[in-house]
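The chains carry the letters A, B, C and D, assigned in the order they are written, with residues numbered from 1 in each.
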């Protein structure tokens, strides 16, 4: 089988470089183009790529990408910009896996409420598949537009899916307390990510207003078949990468930990990237991998779910490759194990 | 006024060295003895003290301490050991401020349930004052035995006190999600605190079993005048010091954020070490200080309290000095501002 | 004695906030003004100051400072800007302790060569005292303009002073390999100080071109009474603060370690902020202090000097207070122990 | 071609887990046994391996390894222990790549002087190949016993090889100032690697006595064809992994930077794992890779070489796989790109 020809839109950020490293190891993918206006050569943007990928950055030009035979484009642009760049690619028959938030929320009003921006591409939004393979896997084969999921939402959705699918917890008031490494904030220098500011410190941010809230709720509502609402609080940790979510839910009936562990084991049995753990996971054990580690506990009548992942791999570029595998018919683990 | 003659029991740990640094700046305290078997000179144990305190460590000998005129002893020994060492000091008329957990829980059965150890000093336990000055301040003047509070509990108790004192939240099911720097684990090398294990990682530990749980509940029940129960989950962060607690409570009636901010402002008006913040606090802004920073929010019908402190100062040695000030009649800010 | 009225020019950076914290503890200083255009209140710039200093920032106005009775101004502005702001202060009779590099190099040509900028205030440069108290202490009493020394140079100058003063090492080709925490780079966000870039990484920068090179050479040449030249290589470490310099020199005759230790002990006997150590110092043992820790070794015929300090205290704001003490006749340790 | 059957001796440390991860990706290797007495399952020792390698640890038994068809054993035991375990493996016809120091120094007297231990296996020492492929590559094909090189030495040897091979620098008094992450110290908890001790700190250790000194000198003397002696000073950095060496040498004649860059380019042209950089390398750009990044500068008449690597990959387990590739006739990049 020929390698799938791949392009990356927006090569300067952390998800792009992570994606490049993953694709370089993938036996079925070939990176043929990377767009960026910030440097001439990709190794100028990311010195770690010196000697690994010899490719010049190019300006964004859908026709040029088409002419190179690009079959799929990974979008690593910010939200807002994504929905401007993606329609001409789809028109030219290229598939798109978009790592931005632009095609994640089905309801335009919800998008506009949380992102404070008008949505300009409702047409393609209608056909976008939310790319969380463990939940929406059956829609991914051959998909034209995949909305790659957010980093935080994956811990919450997969952490809670067995419970809401089985109506074992109350669907409102679920508390999701998440802790993230700094790379989640992107590569643009800002005071809050300046080393001497965020090192040796922990703080919460976007309390009650974080844009991943409706994304979590949309997917969990799908799983539950009923509206779910959550209290989601993200925190900034002094480390490069990793997300740890501690989730507190109220069971709808008396449950035992043993029963829940069994439920989780069964639910994740055919999901190779979710690892069930007996002890609380540590983000470090997921670093550089596409694993999402989950542990479920019962404490004083509440159900606690602890979930950990690498925010740049499982949380972004790794799951994008998993989606790529699903779209093009590779085994979903290809290039990720 | 003459300086109060002070001794420190157990000079080798982090709370001891922090306490020494604070006391060296205190105009009303003089360190006359430090006990430890681990080194000859205190600067051998703590190289940072070279040139700041020229004192040899000595074995524990209550009579020798008495002979030196020691008026108050700060206990920096582990729980279990503390209750063996403290009775002979009290018998000889020295006051004690104990940083261990041995005299914090009034109910011996609760102690034995959580600490898995028999309590050997119920007599003195009966007269111990729980040393959280903002709550138990009126009992501290002249106290003979002060049980210095735990690091986590202070964020939870002070963070929730205005709410439970005013019966504004439900008293069960309160979620306390706490994040701590590694120094909270003490100075004894262990795999879980080995740099390459805990650096660049976040994990939860002692889920549902942490010993600070009953301490939080005892104090909050005192404030509420009714039993309080909490779900307390501590997490380990890759940083030296700092505790951040995110607290989720269910209001007993509709509340506005403005109303709660006003309540907190009024409650803490005469408490110089509690700073009310409009934005989420950051542990770094409390580092090296005795401040406990608090922020209260209403999110989707839940009350969120965010509280930050330095676990070694406010969480241990700073509040110990604050207790010392109260016991001996100094202004409570002396040596701490 | 009345407190000396102090103003701070440029309140937004790390040296300013560190200086404020030190001056708040100083019994002989009173901060009456802080200039900054970046925020209204000093606690908006530095949330850690909430509840510690209630002062509004003001625009730079020499007459207004004079009217407030300001006796000494600490300059925390960048080089280039400093030499524009300082002359009008000196004209109005205020003393200045300048933390920038503008008045450190006596030879304007050297300044212009390394800083690539024209020097606009040669008049005041002529009267500036280089504020390294251990070397230039006798010129500081009553000085009108003190050029506070750079962070790296202090480790190199004090580390080598006993050797060059006694002509024990060759004066050219001295290797100074320095490692610094990120706060040394200032508070302005840049990619190289963005957390996910510099965390978990070590690199060298400004190899052969760092501006502290001529400053080190000027002071060491003064001590030696002959020209000294060095190879100075700074490195960036993933930590907030601390400088560690490893210095390699060639002795002019056979020396023993014991002999050098004795020489250092004697040289630093009356210098309370230099601590001689038997083992290699660690930056952490100097954190938050004005100490500079030094260790001297002989390895295979070379002399090695290891020197550590806190770059924000000893390296900037602490030595500024030490200079303040010298200028105004306080004991040099006041407010620093 | 059938996969080579591999065993790992001593599975509990950081080099073992890194090696396992690399071998899991290697198309020509199959891990059939791991010895350790510390846990039952390899994922109990290293939770990151859960779901990636399902293998029980076994006691060390050369006959059992032989019976499993093991063709090559990677030794991840400490020095001293290695030379006890390796002879029976060689006797049974298994090849060994030993990551300890036991077979690195050809001269037993030098070993005993630096390691303070008697060498018990001089017989096999005589046939050991020092496994730095860029220098000793022609001896590796089919080697029976490979002494995998130390982490620090590789930066020094490869950084200096072009210079000493061409007699461009003086062979004595070379200064090697190295900075390492904490994982280099191994996985056994010790106070010096306890997070709150080494985090936010830099220090030097083993000044003048580090055991990698003779290893550096042996290899560089081979390259030079004349005795080389160095001053090697290791430092501990607050990060997980990465080594950065700053090397200072005195040229034997006037040299230009351009000339040296050309020399280095040519010397490393056929060495795919050495990347020549124009700017100082950063350890982070080598993390997780087998690259060793080098930059050469001329500063004030001295030659400076800056070299960076990942101490666990290039510095240990990656170069071990590179050696494995050489021994068994794979392309040396297999499994490492």
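Keep this in mind: contacts are C-beta pairs under 8 Å (C-beta built on N, C-alpha and C of every residue); 3 or more make two chains touch, one makes a residue touch a chain.
Chain labels with UniProt names: A, B, C, D = N-acetyl-gamma-glutamyl-phosphate reductase.
It should be emphasised that the depicted structure is a prediction, and the values quoted were computed from it without experimental measurement.
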Topological distance between chain B and chain D, in contact steps:
1
Taking each chain's centre as the mean of its C-alpha atoms, give the chain farthest from chain D.
B
CA centre of chain A versus CA centre of chain B: separation in Å?
40
For chain B versus chain C, what separation do you get between their C-alpha means, in angstrom?
36
Using mean CA coordinates as chain centres, what's the gap between chain A and chain C in Å?
46
Residues of chain C whose C-beta touches two or more other chains
181, 197, 199-200, 238-241, 281-282, 284-285, 287
Seen from chain A, its contact residues with chain C in the complex are 14, 181-183, 187, 189-191, 193-200, 238-241
Per the contact definition, I'd like the list of chain B residues that touch chain C in the complex.
24-25, 47-48, 50-52, 200, 272, 275, 277, 281-282, 284-289, 291, 293, 337
State the interface residues of chain C toward chain D in the complex, per the touch definition above.
173, 175, 177, 179, 181, 197, 199-205, 207-208, 229, 231, 233, 235, 237-242, 244, 246, 248, 250, 280-285, 287, 297, 299-302, 304, 306, 308
